[in-house]
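Next up, some structures in structure tokens.
The same chain A turns up in both complexes below, where it pairs with chain B and then with chain C.
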Partner chain A sequence: MTTVMARVKKTAANPRVFLLFLIVLLVVLFGSLKPAFLNGPFVLAPLMSSIAIFTVVGLAQMVALSVGHMNLAVGQMASLGAMVMGLCYDVFRMPLILGLLVGLVAGAAVGALTGWIIVKTGVNSFIVTLAMSFALIGLVPAMYSWLSEGAAFTSKPAGLDLIGRQTFASICMGNTCGTDAVPLIILPAILIMGLVWYLYSRTRLGREILVTGSNVKAAELSGVPTGRRLMFVHTLSGTLAAAAGFMVAASVGSFTPAIGSEFMLPSFVGPILGGTLLAGGFVSVIGTFLGITLTLVIRKGLDLFGVGLETMNVLLGVILLVALSTERFRLASGGRRRGGERPSGEPAQTDDPDQPDEALKDPPESVQTEDKELAR
Partner chain B sequence: MTVPALEIKNLTKTFPGVKALDRATLTLMPGTVHALMGENGAGKSTLIKVVTGILHGDSGTINVFGENVHFDGPTDAMDAGIGVVHQERNVVRGFTVGENICLSKMPRKGPLVDWPEVKIQAKRCLDMLDLAIDPDTPMTELSAAQTQLVEIARGLYTETRVLLLDEPTASISVDEAMRLFRVIERLKAEGTAILFVSHKLEEVFEHCDSITVLRDGKTVVESQPLAGFTRDEVIDKMVGRALAHLEAPQRSVDMTTVPALALNALSTTAGHRNVSFELRRGEILGLYGLVGAGRTELARSILGLEGVVAGTVKVKGEDVRIRSVREALQKYRIGYVTENRKEEGVFLLQPITTNIAVTVWSKLAKFMGYVPAKDEQSLVAEQVAQLDIKISSQDQMAGQLSGGNQQKVSLAKWLAANTEVLIIDEPTVGIDVRTKRSFYDLIWKLADEGMAILLISSDLSEMITLADRIAVMERFVVRGEIENTHHYEEMSQAVIRLIHPTSTPAAGE
Partner chain C sequence: MSIYTHHRKFVLAAAAGAALILAGCTSADTEDTTSEAPATSAAPESSDTATDSMEMADFSSVHVALVPGGAHPYFQPWIAAGDDAKADFGLGDMVYNETAEWDQTKQNDVLNSLAASGTNAFGIFGVSPTDINTTFKTLKDAGYAVGSLASCPAGDVNEADFCLSTDTEEAAYKAAKAAIDAIGGEGTIAHMTGNNVDSNTQRRIVGVEKAVAETNGAVTLLPAITDVDVDLTTAQKAAADLLAASGSDLDAIVTTAYNPAVASASAIADSGLDIKLVAIDDDPTILAGIADGSVYGTIAQNPVGQAYVGSWVLAELSTGNCTMVTPGVIVDSGSFIVIKDNVETYDDERQAKSTVIMEEFKSNLLSC
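Up next is the complex of A and B:
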């Protein structure tokens, strides 16, 4: 019985479980107060569609965070990728998959360039990606007005509408069709989540990226080619951003310069709420998904209650702040209780050694020393 | 009868699950150097932290010059004339040397910092240690040892009647330690009471007057004159049972084999000139030198982290050009255990599995880079068992282990990768006597199994215990190589003579 209790306690302490609990609670709350919230084609399908898109955006940021970097150009990389795709469909009449691939390569290329600059110059990723985003903010609309009529590519290759705007209701087997509450665009999002999860949890490359994020000096001295790993991470971030750009274009039906303009802030919210460390070395794909889901469920719910956009943004800001500060507080008190006042040289007692997420919260001595220094 | 400078009575401090101090008692007289000894975790650092107001004791009394005190924070202790050099590096890396020294009490001119005065004060502290460091130097440009010396200079900044030194010599060379002891002698003559924590018995016996030994938070030797003790007795008191005297085993190296690693007149961008040596399998070659002699830089040059200007590196008789640690590891089977465990040796926030398997992922990887968790874990389990690393699970974070176990983890990753040449840089800094002993046994065992070991250390007694031969480096040049006879007196004289060829060895050395 006690072990069951311990297990329950441990699970409840996991931030991912906490997020899931909040999401379920809110859905039940909104659903019972406003039954319209559970309407399939008009509420749930669009909601899931934006969750799918922003999860991919969140992952594009998460991979940069995994090495302690950031990608402030995530939106602009998405818009560049989308522009290239639109160009392929509109001017070169390419089929869906081919144009998508070319666009992803464009995203990868701009990401690789960013990564290369960061590694070669040693300039902070914040600055390099900020500069990159400015350059692209200028470049992409200029390209649109030069290459398209009306500053948008509107040609739709076969299949674009299916993936972007339709639900499982369009997929039929004999006489039975799927539900119209679930959009098809969740499929690419699930595929991407699976691939990123596999990368970080199962492969050598993912492990090497995480140790690079954890301590780049130690990684280099352990034989990890840290420069190449950093470049890969930015390449991947650009690729995922371009994929998100494609998903937005598919869901609205045209390729415009506005794609990606609102990506940057949400891209941080998902990973951070989900437990990804800003300092690098720890990521959570599921957490990123749950973090994005929570914010979008709140947004949608408030929208149904007729809360205006301005009020909604203020409310969202407050909710995020509260959520993050309780999390921060929990971290801090947990760390103090377990490791903070440990006599030097004594190995720490781990309450739950088989729970890496929990153990992570125990800041190592060096971190504490720094904290103390700052406090003084 | 003089009043004790510091009198600690029945001090108890409990952490969840551990009694760090259990009625600890200590009397420190003015004008004496008092050794505080004990193994890691015996409570030495906790005692110092309570005395300086960083931690608060549960019960017991502290008197400073006969006056009962309660410190709420470090500033209170400072105002009472207690200076301290902590074991952990507490420097602010983004600041300059001068700022760090004066950090506790910045000289002011009205509301503004008096920068010229900061420089003057910092210079004064640095001069006391004969340190030729400009106060304007950023901390980031200093080596580990120089950082430690600045830390000591910081303890000299304020007027102190009681100076607490927590392992100040852990990562500095004999020469620099000698400067420190000259300062200690001077302060002692001026009547300052000094509490000195060190794991180095030689230092303690040479410079201390009295001794207190802590074991598991309890005082087992209470403020007695050091003259009545032998080294073995002190070790016995610390570990609580008789520990065999550190004696090098009989070892023989087959000198006819092709050297596993050889440098031939190597000059580097780091500044080395004409460095040559040969290291054979099964051999422990000691590379001894003062701080700044270029030992760590030589290791980095071998690994390709510094450029080669002239000369060659040979691995098993063949000229090689190593460009990265990865190449050194995968192509030439050379591993490097760094001197800077926490910053370069382990990933504090990553699990043990990751910390040890990091060198072997490329070997374990299957199709599409897939690393089977089972293979990884069994390989790590093997190393954990072989090195006797104390962990509760492989998922435990490396940052939660004690220093000795972290060091074992940082060594284990190279053993897991089957390296044939191991460069070990300062393996036992800040590690207690018993763990040190097990490290020595381990290094001997690895050599007996055929590993070629290049041992870098600034602990001369460690060098004389462990090495088969000692190469002495000074200012990026190897001054000479000596066969090790394992006689401390004889060897230390020989080493000092190589470093200072013209002068006679300094008194007391």
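Up next is the complex of A and C:
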């Protein structure tokens, strides 16, 4: 009985369970007070589209947070990736998938460049990504003005509208179709969530990233090529941002410089609410999804109640404040040192709880060979 | 199996359960996916003229939403005009929602929420001219009446029922012509305007360039200063920078966006330079400047007419009393040069224009 009670207490203390509880509570509350909240095509489907897009945005930030870095240019990387995709479709008439891949490569490239600068110069990721953000804010609109009419790429390859704006109602078997309350755009989001979860939970690379985020010096001494891992996470962050840019373009209908301009705040709120540590070493894919879902459910509910702009922003600001306070509390209660470094004995974690121990039991093979420069 | 594994399974199971609850299936035979959507295809009442139809119409079922792209002083007159339309035409409800925050995705969310809450007629200033047609089409396909107000979609297609907007290129052309007249047909002009990636801004730039080109080189146009309509602070900095860098060489400034107009008026007055300013819109600061001579003139737009006439047209369409003769038709809501001579009377001209637009809809643009 004691064991069961202890498990119940631990379960209740899990931030993801708490988030899920809050989401269910709010959905029931909003649905009861405003039945329109359960309107399929005009509330649930758009809500889930937003959740899908911003979950990918959150993951783009989460991978940077996993090593204790941040990516302030996440929106501009999305904008750049989307611009390259739009260019591929509009000018080069590429098919959907090929243009998507080229745009993802562009996002990866700018992410890799950012990571390379951080690693080689040792400048804080905050500074480098802020600088990258300013550079792209100038570059992307200029490129649009130069390459397009009306500062937008409006060509739509076959399949773009289907993935961006259609629901399962357009998928039929005989006379039976899916629901119009669930958009098809959740499919790429689920795929991306699965891949990121697999990376961090089931691969050696993911574990090395988390160990790097947990304590970079310990990781270096264990032979983890920390420089390469840092570059990899920024490359991955850029790739995911570009994917989010594609999803926005598909959902609104064209590729414009404005894509990504609203990404930065949600990119932090989702992961932090979900339990990802700002200092690195712990990520939660499910938590990021739940954090994004909670904020968007609240926003949608406030929308339906006709709450004004100022009140809405105040409430969303309070959510962020609570998230950051929770993060601080967790740091304090976890006995972490000031400056965000994890004590060497504390394991790096994902939301797959079986993995941390394995990460420590399974030291990298490259202990003596890789990345000596950074190890020094 | 650890407690954490239980957590994960619980979360996944709960998520799956929620998806099942939300899912459900529809029949391919059921085409009406929005039971709350209004019927716009109802047969119009038999009447000899559109005016008769308007007088007899019951608009109590019409819930109009006026949705700008975000908070901006230009749209404030929409609130009173919408309330007037509600009272004058007997609309069921009138909502003004400015929470889109200049983001097309957020504006789509706002529109979807309004649709789910019972709004059945939409007057929309689309955030992104290149994307807004997709939004219009979604609402139209669901059976709602949709008007594009104060801005038309980019390109040649308008998926809304109609667009009632300032012809931005024409308004900018008029402003530049007024400035050229003010400086005697020769000199140097600067143009301050809004978001460079907005197609309407590009049209304003074209309008100013067209007027300057007609002077055959007598007037020099400095490169357009864009992206200075974000807020008043940004505009004030831009105006101060412009005067510091080129003030002594400038003869006139044309502003085709709200914030730089207000900021330039103050900056010129403070500097004491002899620069003719032709502004946009009729902010009290601008009108006071025109009255005391520190501002040469402004180009007033017609936001009241857009909201008032637009709401009435939406009501006619929403109830099925009328249909558009040419769906997607673009109607100029008017732009009016205001100088010292007519600063007290220009609003009469504007109200007259609104009446003309309404008559144009009744006589030629609506089929009732």
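By definition in this document, the second predicted complex is superposed on the first by the 317 of 376 C-alpha atoms of A that agree within 3 Å, B and C clash if a C-alpha of one lies under 4 Å from a C-alpha of the other, contacts with A are read in each partner's own complex, and residues count from 1 in each chain.
Just so it is clear, a residue touches a chain if its C-beta (ideal position, glycine included) is under 8 Å from a C-beta of that chain, and two chains touch if they have at least 3 such contacts.
All values derive from a computational prediction rather than experimental measurement.
When both complexes are overlaid on chain A, the residue A:Asp180 reaches chain C alone and has no touch with chain B. Of the two partner chains placed by the overlay, only chain C lies in contact with A:Thr256; chain B stays clear of it. Contacts of A:Val318 after superposition: neither chain B nor chain C is touched.
When the two structures are aligned on the shared chain, A:Leu304 is found in touch with chain C, with no touch to chain B.
By the document's definition of touching, of the two partners only chain C reaches A:Ser145; chain B does not. With both complexes placed on chain A, chain A has more residues touched by C than by the other of chain B and chain C.
When both complexes are overlaid on chain A, the residue A:Asn215 reaches chain B alone and has no touch with chain C. When the two complexes are superposed on chain A, the residues of chain A that touch both chain B and chain C are 353-354. Interface residues of chain A facing chain C in the complex, by the touch rule stated above, are 7, 10-11, 14, 16-17, 20, 24, 27, 34, 36-37, 39-44, 46-47, 50, 53, 141, 144-145, 150-152, 154, 165, 168-169, 172, 174-182, 248, 251-254, 256-258, 261-262, 286, 290, 299-300, 303-304, 306-309, 312, 351-354. Against chain A, in their complex, chain C makes its touches with residues 2-8, 10-12, 14-15, 18-19, 22-29, 33-34, 36, 71, 95, 97-99, 101, 103-106, 108-110, 112-113, 115-118, 127-131, 133-135, 138, 142, 154-155, 196-199, 202.
Interface residues of chain B, counted against chain A in their complex, comprise 15-18, 20, 40-41, 43, 45-46, 55, 74, 87-90, 92, 103, 324-326, 328-330, 336, 338, 342-351, 354, 357-359, 361-362, 364-365, 368-371, 390, 392-393, 395-403, 405, 413, 432. Against chain B, in their complex, chain A makes its touches with residues 202-208, 210-211, 214-215, 217-225, 277, 281-282, 337-339, 341-350, 353-356, 359-360, 362-367, 369, 372-373, 376.
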